[in-house]
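Some structures to go through are shown next.
You will see two complexes here that share subunit A, one where it goes with subunit B and one where it goes with subunit C.
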Partner chain A sequence: MKLGILINEGPYNHQASDSAYQFTKAALEKGHEIFRVFFYNDGVNNATRYSIPPQDDRNITQQWTELAEKHDLDLVVCVAAAQRRGIIDEGEQERNGKDGNNIAPGFRISGLGQLIEAGIQADRLVTFGD
Partner chain B sequence: MSDIKKFLYLNRKAPYGTIYALESLEVVLIGAAFEQDVSLAFVDDGVYQLVKGQDTSEIGMKNFSPTYNALGDYDVNKLYVEKESLEARGLTEDDLMPLTYEDEDDDWAEKPSIRVVSSAELADIMDEQDVVLAF
Partner chain C sequence: MSKLHTVNKSPFEKNSLDACIRLAKEGGAVLLFEDGVYGATKGTVISDKVTAAMKGLTFYVLGPDMKARGIRDDQLLDGVKVVDYGGFVDLVADHDNVQPWL
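This part shows the complex of A and B:
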């Protein structure tokens, strides 16, 4: 089955991203295709490479980066939601005159159309949120 | 894109207090360009999103409720409001914004976009959907 994943809550504060990660990993292991993972609302905060969780805890962003590398996942962060919350890539940094960027490897910033497209193209769109 | 799917945006939160209502509306507006079969549902505190006369001047936040008026122009004209949620909050349809759209299949007659439905009817509507986005 072709699946789209939507994550609407930030890391650590909420289990949504953890559950989505476990679900995505399990789906891939069962041979399903992940069309796209889309990050919206506070979910965009999953995409910062600047988080430093305690060493005895999981690193949620790094888990996504590694899973994306292993399975060539498309991790997409909503640009409007990301701009509000200070999640920035190099392009946004230049466009908005910011002094840095913080997006983690494996993630890309794009528009909400990518979410709608996931809804259209995937057999199921599975939401993880509140 | 040839295949048309049924998208339902399920709005469950008050318009202010959290960002869910505003960011849900932003998805609806972007999604409208994809020419899918779009419905919106308002349940629980989500019914407050459609209450008329919203005034945010004292809380320093933008009053985005006028944007709902534009939905009809985007061919988003199926707004289901759960009756039980209205009643539990002492609201009636008269408390909601009179949102309308122009029906191109009926000589552009102006028609109401809001339909108050029971929770059982809403369950049937949700059951028909291909994609449900809950905020």
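This part shows the complex of A and C:
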């Protein structure tokens, strides 16, 4: 089955990103296809490669990056939500004249249409967040 | 059309479980996860309401989230089924769609 995942909450906040990660991992282990993981609202904060959690804590962003590499996942960050919160890739850096970018490997910035498409193309859309 | 309803907040923090029970159609399932697991415990102000709702809805609780909060199996309301993340995935696949109560 094709599944879409929506994450509306940042990392280390409540549990949304952890729950979504565990769910996505379990779904892949069961042979389901993850059509897309969409990060919206504060969920875009999952996409920064500059977070430095304590060494004995999980690194949520890195977990997503590794899962994406292993299973060729499409991790999409909402552009408007990202711009508000300072989540920037090379393209946005150039377009907005910023001095750097911070998006983590495996993530890409795109529009809300990608969420709509996931809603249409996937058999189920599962939402995590507040 | 049978729906899976997901509730991730404690019933003592938000009214999402209450709203879910009030509006969910008979034949659906409710998965309590994250702080929502408190809604599956015995002896609370919402216990009777959840038990009454079991006539029309099947209740599940996510085991790892329950254990993370120190809730034992014997503290769960009778009739609540415990699932792991794999069981969560199966519930999503076995229902026509998923309604999150945020």
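Methods note: the second predicted complex is superposed on the first by the 130 of 130 C-alpha atoms of A that agree within 3 Å, B and C clash if a C-alpha of one lies under 4 Å from a C-alpha of the other, contacts with A are read in each partner's own complex, and residues count from 1 in each chain.
We adopt the following convention: a residue touches a chain if its C-beta (ideal position, glycine included) is under 8 Å from a C-beta of that chain, and two chains touch if they have at least 3 such contacts.
These figures come from a predicted structure and were not determined experimentally.
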Partner chain in contact with A:Ile60 - subunit B first, subunit C second, else both or neither: neither
Touching partner for A:Gln15 - first (subunit B), second (subunit C), both, neither: second
Subunit B versus subunit C as contact partner of A:Gly129, first or second or both or neither: both
Touching partner for A:Phe23 - first (subunit B), second (subunit C), both, neither: second
Touched partner set for A:Gly111, first subunit B, second subunit C, both or neither: first
Touch count on subunit A, higher of subunit B and subunit C: C
Touched partner set for A:His32, first subunit B, second subunit C, both or neither: second
Contacts of A:Val77 with subunit B and subunit C, given as first, second, both or neither: neither
Touching both subunit B and subunit C, residues of subunit A: 8, 125, 127, 129
Contact footprint of subunit A on subunit C as seen in their complex: 6, 8, 33-35, 64-65, 84-86, 88-90, 92-93, 97-98, 100, 102
Contact footprint of subunit C on subunit A as seen in their complex: 1, 3, 8, 14-16, 19, 22-23, 25-27, 29-30, 32, 124-130
Complex contact set, residues of subunit B against subunit A: 1, 3, 5, 7, 19-20, 23, 26-27, 30-31, 33-34, 36, 130-135
Residues of subunit A defined as touching subunit B within the complex: 6, 8, 40-41, 80-81, 111-113, 115-117, 119-120, 125, 127, 129
